[in-house]
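Next come two complexes, and both contain chain A; in the first it sits with chain B, in the second with chain C.
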Partner chain A sequence: METTDIGLWGVPLAMLGGAIRVSTPFIFVSLGEAITERSGRINLGLEGTLVFGAMSAYAVAVMTGSPWPGLLAAALAGLCFGLFHGWICKFPKVNDIAIGIALMLFGTGLAFFFGKPFIQPSAPDLPAIAFGAWSDIPQVQAALNVNVLFLIGAALAVFLWWAFRNTRIGLIVRVVGDSADAARAMGLNPNTVRLLATGVGGALAGIGGAYLSLYYPGSWTERISSGQGLMAVALVIFARWNPLGCFAAALLFGGAGALGPALQSVGVTQGYYLFYAAPYILTLIIMIATSSPSRTLAGAPGELSITK
Partner chain B sequence: MSGTHRKATGVETIGMTMRFGAFTALDDVSIKVPAGSFHALLGENGAGKSTLVKCMMGFYHPTSGDMLVDGRQVEIASPRDASALGLGMVYQHFTLVPSLTGAENLVISREKVPGVIDWRKERTALGQFMERMPFKLPLDVKVAELAAGEKQKLEIIKQLYLGRNFLVLDEPTSVLTPGEAQEVLGLVRGMTKAGDLTVLMISHKFHEVTAFADDITVLRKGRLTGTGKVSDLTHKAMAAMMIGDQPIAALDSRAAPKPDAEIVLKVKALKAPDRTGLKSIDIADLGVRSGEIVGIAGISGNGQKEFLEVLAGQRARDQGEVMVRGAAYAATRTEARALNVRLIPEEPLKNACAPRMTVAENIAFRTFDVDGNGKPVSWISAGAIKSFSARLVEQFKVKTASLSSPIASLSGGNVQRAVLARELTGEVDLLIVSNPCFGLDFSAVAEIRARIMKARNAGAAVLLMSEDLDELLELSDRILVMSDGALVYETPIAQASVQTIGEHMAGHH
Partner chain C sequence: MTGKFMLSRRDLLKTTAAGAALGLASAAFPIRAARAAAATVGFIYVGPKDDYGYNQAHAEGAASLKGVEGISIVEEENVPETVDVQKTMESMINLDGASLIFPTSFGYFDPHMLAMCAKFPDVQFRHCGGMWNKDKHPMNAGSYFGYIGMGQYLNGVVAGHTTKSKKLGFVAAKPIPQVLLNINSFLLGARSVDPAITCQVIFTGEWSLAVKEAEATNALIDQGADVVTCHVDSPKVVVETAAGRGAFICGYHANQSPLAPEKYLTGAEWNWAKVYKMFVDDLIAGKPLPNFTRGGLADGFVKMSPLGPAVGEAARKQFDATLAEMMKGGFSVIKGPLKSNKGTVVATEGQAFVETAIELESMDYLVEGVVGSTA
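Presenting the complex of A and B:
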């Protein structure tokens, strides 16, 4: 297969491919965070969960020789982190944001500690589906090489969107997130619901981490996450707590993140480093553009500590 | 829960007593609410009304006493037991989930909810249920978007949907317009007459009690002080049962208004965004003269709060002018001091106090940094703050353990007295007041209204925003109605009719 020069078309194509590739961890972390926040808590510790998930997935994949047990290990590790956060937060006068920050540092540190021996060996990758096989152009093939986790994430976003309206559990999560008093009047225990919602959110963030170490970039290093876990929190607010919005926003962030590498690949040699900052700048712009001194955030769960 | 024709439940308490430590909140109270009756429970704040109903509903476990439901003795250990017996409660503050639709709220509050909700089936069932109800409501709208009256109806409907046929209504009309209140209570009354429902209503509005209830029970300081048929009792007799022999502050007689008095507050073409940012408030023209009280009526959420925030300098305005005595007014501390503008916002503990600072400090907020001649001081004297506050506490009868208690430890009435002391001391040219008596008891209400009237008679221009129409009718010289962010109706007090004002409040014009 020879390289075809497709000129500047390479940029949007690489961005599309990049959006799909880079967005997957964002999708999982933000969907997890959306569930947690809809129940009325914020888990800022997802960054730590993500890194720990990446490490545990890689370690287990190395030891078993298959990526799937690794994925499961990451989800389990994330679940534990989430449950831990939820359990601490049930105590009175505990601030969920402070605990989140503590857990973020704890998760990252623990991952570095256990992850040292796994920096060298290589683990099997998660499989991808080649949707671009019809084309002879390698750039198209590369862009449309879609990992299964991306597809699962997309399906999950649709499912959650449906489930928040049409299932008992979905409605219960929304009730608890919007009014703890109403929940108690219905005989629900807000702490239990939030504990479970935080647990599930953590498990999803762990899966997001597994994607990082088992597919893209595809190895375990201590610099594996570049703040995806934190940005996903901003992304949930930007998406107005709507799972479909989270998916779209994750794609947007992924696309922005792919801008730097894409420009580099078409031969822009100067200043492309600036474009590596695109997702961070986008976060700032979005937060500023959607903020208002006189309006409350539409769609914000009423029990969130930041909107109360 | 549906299908079978419901029959009202009768409830009785015998010798109900509730002690919290050494404090007796409820002392040997027996009331009887026969099936299908509409019973009113009257009493001041702290008289034990909520304690009694909380014991009945299983939130509290009474120290002693028995409950009979339909003549049988029952043990109610939890709210769940109460609901199993068909007892339900509608709270003063809404318990609906704002971001869910009416239908979602109804379905999720059911005892058994299927894992996956078949909305087509549920909607059909809800449609059939609603056909049997005297209430008409949109169920596909988020509760947050419903008017207060609609929320109140939905609360009642929720209880009926859950199969409850004995309802405790806790001040059900405190957030409703007179029209809405009439409608809701009328419908509930109809259901009790038909024998479908028994109602125990906590209220302090005598005219509602007279119009809708069969019997009353009055509590004072945890004891039962009176009971009887509404038809046998006058308002005066009910008031006497409620407050005993305490003296009630009398309203000053209204000094004759001077139609040519100076216009102190002038608002012109004011536009400002409301809290959602989607709508705006729009005050075309408003003038308040010295020595008059201008009342602004309206259902909460129609822009009164935003208007007050603009006047208080808490909300930026898009355009328009606010003038006080001819000078542009932007509510800075300097301007407020120079023009003698005073403000009593609603929920004073939240909006006009620093809750954890002391009573003395809170009372001195307007004066702590100036000396006797209004010149700024460079050294703040704690002694001066103390002596100033001590004088005001004395004068306004603020009941506090000490001047250095945090103001949050005071009761609602005393917080309001402390704020009044601060705001009404010194020269007052313009007084802006919002819901000053919300949640306060009889004697505090009378006293606060008397103070406002006194300020008016002393020549202050008073702008009074209130959701309580009775209060506006009692105090105002003119009443304006605010609806959907604009002033839509004006009437002098002599020609004011509750009917017409209510219609304008509801936006029916």
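Presenting the complex of A and C:
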């Protein structure tokens, strides 16, 4: 193996590479949740969907020998979880947050149960595109090995941002999320719209799970997510329900998460627990800096149970 | 609304009282009467049983007991190092009638296992690790561990011959004595080949954090490390990530060579089957169980993975010679003159700590040549 000494350049490079590698599950889960929340519902169960997606993707990839059926299986499993959440929540007096927590535990538990025989075998990985081929430094090449799902996630963020503003479907989702009464007056059925929005959100979270188990870190273990699905749901509020904001927040989280290992690798070894807290400290600072006592959260859908 | 609430609170009180009465009854008339005939042994793991790592090594040891006459096994996996493990131990004792329990994870010991030792003085507890101390802790507790640092020294010997960049990488979980000894042994093994070799360590802070372990492995390789080893619960992620980046790997806990057959050099593995068999034989014979059990390569507590295809002739020779030396006993990894990476003397000229030296179990330093910090 050829190596080049890159010294302190390793830190920004690792943060760039880390942002690209680590952020993808955050992107998909937070975009999915943004769609669901824009329609006026919260699905806290996406952590469970993420873990179940990771498991089903890995299992199907092991059995078929190809990552693509795995990806499809994860999306379908996520869709089912989302539709289930949407279906239960359409009944009167059902609390979507409580159902979300129940589905989170159900999803992780079910994934552990079915995932047992798949901890040991190795599955084929999703392909990556070598954007770093122009460089002759192996570290740069490694950092710029970009998985196709990251690119799809980035494109999806832009598309959703555009679609929410400029398409009929985007408008329908938004009006249902802002005022169910107005939607009914327009002849829309809020429950159907929310059912579909939660289903699509679940499918995206399932794809995020497939990235975890089929690309990075690229194996199925029961600790694979360690709360990333929950964090992604929080990112949506942090991003003010804006798909582009979700993408930026996910990148920020990924990059900040890579800071701890990267600093240790260049010899900054004191206080690494503090560096590991960097993503959360950063989130807190931004939340405080952008909050205001005189107005409610900008961009919050009016029908959301946390803002009602 | 209020009436409803009152009722449910009264119900709650009733249920609690009934539960307490039941608890008293079971304390007065223990359900575990027929224990002498068939003994039950409990195993508690912090992660899944088939993680290619720490828990798999223990579960393989437990599985080897399944054919033993008069012994039944109860296991629970994914038990966090919190009050949960106390509940698991209580249920193993009260419901399954376990008379010997192996809580295998480091963080189970204090305060969880100690609390159970006080509550159930008739049950024997043996903890994997180096925490038990006969002056401080009860006699129905004890510890067992293997001198796997020797295995990491042998890993280091092979790594020292294989590295071209003269930089090694170590992904570590937490800076506890056993981990520090492994890091130091790995580097000193490599330095027995070439004293210019250094080892970069990255602590992830947790026993199992897949994404952080992958990031740490990438960061080490970005900084030029070309042989990587680790001390985390499941080395699978580290092994696969390192192999994907083209680095060589020394394994840990169990044999990970199926994950990267070309890049896997060798590995330090546990052989718990041997240790658990010893305890169970004593239990069946009615002998008191030892409180302090240790062993190394020579005792069969620890073994090495077969050398991989990338291991050169010179490495193979030195590996075999060092292993033979260790099998004779009395081999010491930490021997003077030796300084820590902060410059303090940890062993003076002529001073040597053999593998059994109890001082090694309270190690709090990284030796010179390791880039990293314990805090």
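Everything that follows uses one rule, which is that the second predicted complex is superposed on the first by the 286 of 308 C-alpha atoms of A that agree within 3 Å, B and C clash if a C-alpha of one lies under 4 Å from a C-alpha of the other, contacts with A are read in each partner's own complex, and residues count from 1 in each chain.
Here is the rule we go by: contacts are C-beta pairs under 8 Å (C-beta built on N, C-alpha and C of every residue); 3 or more make two chains touch, one makes a residue touch a chain.
Note that the coordinates shown come from a computational prediction; the quantities given were computed from them, not determined experimentally.
*Asks:* Quick check on the superposition: with chain A as the shared anchor, is it clash or fit for chain B versus chain C?
*Replies:* When both complexes are placed onto chain A, chain B and chain C end up side by side without any clash.
*Asks:* With both complexes overlaid on chain A, does A:Tyr272 touch chain B (first), chain C (second), both or neither?
*Replies:* second
*Asks:* Which of the two partners, first being chain B and second being chain C, lies in contact with A:Gln141: first, second, both, or neither?
*Replies:* neither
*Asks:* Touch test for A:Asp178: chain B only (first), chain C only (second), both, or neither?
*Replies:* first
*Asks:* Return first, second, both or neither, reflecting whether A:Tyr216 touches chain B, chain C, both chains, or no partner chain.
*Replies:* The second partner, chain C, only.
*Asks:* With both complexes superposed on chain A, which partner does A:Ile119 reach: first (chain B), second (chain C), both or neither?
*Replies:* In the superposed model, A:Ile119 contacts chain C only, not chain B.
*Asks:* Touching A:Met186 in the superposition: chain B (first), chain C (second), both, neither?
*Replies:* first
*Asks:* Go through the superposed model and pick first if A:Thr290 touches only chain B, second if only chain C, both, or neither.
*Replies:* After superposition on chain A, A:Thr290 lies in contact with neither partner.
*Asks:* May I ask for the angle at the C-alpha centre of chain A between those of chain B and chain C, rounded to a multiple of 10 degrees?
*Replies:* 130
*Asks:* Among the partners chain B and chain C, which is in contact with a greater number of residues of chain A?
*Replies:* Comparing chain B with chain C, the partner touching more chain A residues is C.
*Asks:* In the overlay, answer first, second, both or neither for which of chain B and chain C A:Leu13 touches.
*Replies:* Second partner only, chain C.
*Asks:* So after superposition, what is the minimum Cα distance from chain B to chain C, given in Å?
*Replies:* Superposition on chain A places chain B and chain C at a least C-alpha distance of 9 Å.
*Asks:* Help me check something: in the complex, which residues belonging to chain A touch chain B?
*Replies:* 165-169, 171-172, 174-175, 178-179, 181-182, 185-187, 292-296, 298-299, 301-302
*Asks:* Please give the residue numbers of chain A that touch chain C in the complex, ascending.
*Replies:* Within the complex, chain A contacts chain C at residues 1, 3-6, 10, 13-14, 17-18, 21-22, 112, 116, 119-120, 122, 139, 142-143, 212, 216-219, 221-224, 226, 228, 257-258, 260-262, 264-267, 269-273, 276.
*Asks:* Which residues of chain C touch chain A once you look at their complex with the stated criterion?
*Replies:* The touching residues are 47-48, 50-52, 78, 164-165, 200-205, 208-216, 218-224, 226, 234, 236-237, 240-241, 244-247, 258-259, 371-373, 375.
*Asks:* Quick one: in the complex, what on chain B touches chain A?
*Replies:* 79-80, 95-100, 104, 107-109, 113-117, 119, 273, 275-277, 315-316
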